[in-house]
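Look at the two complexes coming up: chain A is in both, with chain B in one and chain C in the other.
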Partner chain A sequence: MSVTSPVSTTAVRAAGIWKVFNEGQSSEVTALQDIDLTVEAGEFISLIGPSGCGKSTLLRVIADLTQPTKGTAEVAGMSAAAARQQQQYGMAFQQAALFDWRTVRRNVELPLELQGWSKSARAARAMELLEMVQLADFAGHRPWELSGGMQQRVAIARSLAVDPPLLLMDEPFGALDEMTRERMQNELLRIRQETGKSVIFVTHSIPEAVYLSDRVVVMSARPGRITDIIEVNLGSRDEDTREAEAFFAGVTAVREALRGRTGGSAARARVGEV
Partner chain B sequence: MNGRLRAVWPPVIIALIFLSAWQLLVVVQDIKPFLLPSPSLILGNFFGDFTLMFNAAIYTGTTAILGLMFGTAVGLVLALIAQRFGVVNKLITPLAAGLAAVPIIALTPILNNMFSITSRTPKVLITMIIVFFPVFVNVTRGLIQVQPVQLELMRSMNARPLTVLRQLRIPNAIPFFFTAMKIAAPLSVIAALVSEYFGGPQQGLGSRIASSAANTAYGRAWAYVVASIITGLIFYLIVLAVERWAAPWTGRARSA
Partner chain C sequence: MSQSAAVTSASPGRTARSSRAGRRFKHGAASAGWALLGILLSVIIWELVKAVGSVVPFPFNTSDTTMPNVWTMVNGAFQPEMRGSSTTVLQAVMMAAGYSLMIAMGGFIIGVSVGILLAITMQRFAFMERGLLPFVIASQTVPLIALAPLIVGIGNRFSVGPFEWSTTYSVMFIAAYLAFFPLSVGALRGLHAPTPTSLELMRSYAAKPRQLLFKLRFPSSIPYLVPALKVSAASAVVGTVIAEISTGVRGGIGRLIIEYSREITGQPAKVYVAVFGAIILGLVAAALVTVIDLYLTRNLPKEGPA
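For the complex of A and B:
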């Protein structure tokens, strides 16, 4: 694991985070209960759990898109708000959220434009990123001319534009078919390999979480809390990994954790140790 | 090109069949022109007095364009204010709806008295009032109805409110704006035309329709109606052309 940041080897530190919606009303919901989570620099973490377990809320707290009721979130050694203002993370969502009125290249340029990059510099950077996601030939196309998977690759390129040390991804492949999804997973692992980013990845899919992650954070709903953290050690992934014994062991471990079988937050399964 | 021709032919054929049936009905049943003039009479008048038609259309069209421009400008400014301040939105919308509901026939004589009846001003004002409402309502909606995920994206990129307006809300409102203009443009011609019924300069389409009918020149009255329809259609087609040129992404299936 390469440690690039001289300031801090910790990408994200969430401490004692609570998020309560409609506090004091009859509709009060505890979306997050006392969440502690540390993500090391270069680490790939998945958040998995049933709907309503607060995994997306946790991601939004880290992204400073919503404020925690209690607790603090730090990104790259600074407060979540400062990290957002200094563009210390890039974000991708389930919807590609591309702007129809911009070409593919100009969509990737958007964060750079907001940072005040010069026209030629941002065009060059956007093309570099489109090369990386293998869409350079589509730079002049409009988003609606692209398939769902291609649109999501554009969104990933956009999230990488300002070269942030951290990627926050909220079910980015959730709307894609299974084949495209597996291709996108390989693509993401390759990009992460090339760039050394830390990633927090929210997903519903157990195989996806196991295939991608160094650690899978298992959450449960009502109130949303972390019930297990499962380490996955599959080494470098390729297509055979999906059929490997260790991979299935990981899937089983996560599935059982989701059912609450391994029990208690103290349990730490280690998977794929050889 | 072949596809475009195929799209043009059916309405043309239907129009020809319709006009032939109309002509046949008038001739066979010997219907008097004050009831229903024949297409040949109307078109004869239209092409016979083409210069008159053209000048009347230019006069009314100018009123309509001025009203359309000012009304659109007012609608856009109010929409921007309404988007920025929710309170103002709640305040303006009922007022705007009320103003749009005031009948032209009640308003025109009042404005004719307030401003010089011989000038174009009251007619432009009427057209403005008719035009601004669809523009205001549609554009406000376009500015407000932005995908939540796009707003989150802008926030994640640390975009300031003015940047969000420029880069997200305004482009998002453009298809809404053109929808409004497709309603407002032909409507502006009708408003300008109707406002001429209440006196003032006599060279517009509305005045000409009224005076021709009063002089029992029914063929000519209907010819002016044809000129009015053509003027309204030209306005509509101009909006379509501008939309294609300025916002080629509208009318497409929007990406998720």
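For the complex of A and C:
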């Protein structure tokens, strides 16, 4: 597993992003209003906010899956479009979106296949990634034979296939039960530790955002905008972290920011600037 | 997920696969049993209706000329086709059914190819879907009886180099004309089937249109393609038989049914043998499609897509 060297120090730079749906019609919705966000290389960022705050839309703008009405998004020092063409990010969704007709291994191979990798090279790479997510024994299984958590691990392995410096994750654990979810969070932190990826993680869950992130970006709806960015300094995480004072302080800080009371009684979590 | 959980859930997967083959065999044997029972019941009901009809007056004709006994039909199958001819009725019917099957298969292959190409074009270009789909649907409302002589008439003047149109091609064309429709509609739905998430995933990989088609849209369309293929195959067979009758092409089962029905007063069994030949033709076509289906769905969950 090659660790991506931090060539550029900025993983993502979004500047003055607006996204307006149905512009000029009575149904006009401002999904994103003047979003500025910079993600440093190797940083773990969560986007949190109520439904309709535009967090998924922002992720899609960065992924070049949708075009901003105004503003620019850069990934790895290039335009979002160029970054997508050059596979500078990997993506994971709430639905694992594995292809039923492919085995687990061939699902992980998919992005490599599209890039024209040789059969043996992509098989070797897929097995390497399945080892990492501890599913090597299931390489020959079909996705429907796996549990939801296992499917999500395959999806994460797939998003890492081309070894992109950035992971974009849209509520990847949203459909999992609480126990599986916590295990998956630890897995993700371990993988991120091993690979040094930058991550933008969209979630509804406050504890999840605090547990995973270096910074939690709090958004509000109608119009969708960033209201706060909360820094979390929990050091290296383990199961005890979930019961630590600092963790609760972080959760409280994010919760108050979501309620619109900024600069609350955050113990070790600080309200930061962009 | 822990390693022990991984190991325990691995073994059921494996046993499920091996017992699935066994279950399929048992399932097949059971179906064959039911089919035999069905045939037996049909024979009994047929003979019962005849027996009762000879005593009680029925509102329809149960006499031997219209409803011959089952054993008369079986016996008739092994009579010479014509006085002094060496081929039996059964042989003549089987040859005719084989001939029709070839035409139907040709029509099916052409129809399926055209149907898939149309579906791809309509899926790729929204304006094509809006423009073409009404015509595709309208094409099926033209009565076949009106269409057949037109196609024969137009085709008869048609020749490219050494290729000369024959009426047999007209029959194949009509079979294809009926077969393409269910397939193009089914394939179109199938090509539209991928979830928004899978489409976004492919876009995030910067997949080319061709890759999108072959790696996502085609495989996703298979659950829709399978029933469409069955209907198409049936349409091709029906189209062949009807087109043979209305164009008067010799050699096929359609023409044979017409010829034998003229002899119904003299040899009533003959037309029934021909009808059974047409039924067997349909069953063989269905069996061929089942083989295609089993191949296409070999990688999909047997209890339907997850």
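Points to keep in mind about this one:
Assume the second predicted complex is superposed on the first by the 256 of 274 C-alpha atoms of A that agree within 3 Å, B and C clash if a C-alpha of one lies under 4 Å from a C-alpha of the other, contacts with A are read in each partner's own complex, and residues count from 1 in each chain.
To be clear about the criterion, a contact is a pair of C-beta atoms (placed from the backbone, for glycine too) under 8 Å apart; a residue touches a chain by one contact, two chains touch by 3 or more.
On a predicted model such as this, the values are computed, not experimentally measured, just so you know.
After superposition on chain A, the partners chain B and chain C collide with one another.
Judged by the touch definition given at the top, the superposed model places A:183 against chain C, while chain B stays out of reach. Contacts of A:150 after superposition: chain C is touched, whereas chain B is not reached. With both structures placed on the common chain, the touch criterion links A:210 to neither chain B nor chain C.
Of the two partner chains, chain B and chain C are each touched by A:142.
Using the contact criterion defined above for the overlaid structures, shared-chain residue A:134 touches chain C, although it does not reach chain B. With both structures placed on the common chain, the touch criterion links A:175 to chain B but leaves chain C unconnected.
Applying the stated contact rule after C-alpha superposition, one finds that A:14 touches neither chain B nor chain C. Across the superposed pair, chain B and chain C both touch chain A at residues 60, 63, 65, 84-85, 87, 89-91, 93-95, 97, 99-101, 110-111, 113-114, 142-144.
Of all the residues in chain A, the ones that touch chain B in their complex are 60, 63, 65, 84-85, 87, 89-91, 93-101, 110-111, 113-114, 142-144, 146, 148, 151, 168, 175.
Residues 147, 149-150, 152-153, 155-159, 163, 167-168, 171, 174, 247-249, 252-256 of chain B are the ones touching chain A in the complex.
Interface residues of chain C facing chain A in the complex, by the touch rule stated above, are 1, 3, 6-7, 9-10, 13, 16, 195, 197-198, 200-208, 211, 215-216, 219, 222, 299-301, 305-306. By the touch criterion given at the top, residues 60, 63, 65, 84-85, 87, 89-91, 93-95, 97, 99-102, 110-111, 113-115, 134-135, 137-138, 141-145, 147, 149-150, 153, 180, 183 of chain A touch chain C in their complex.
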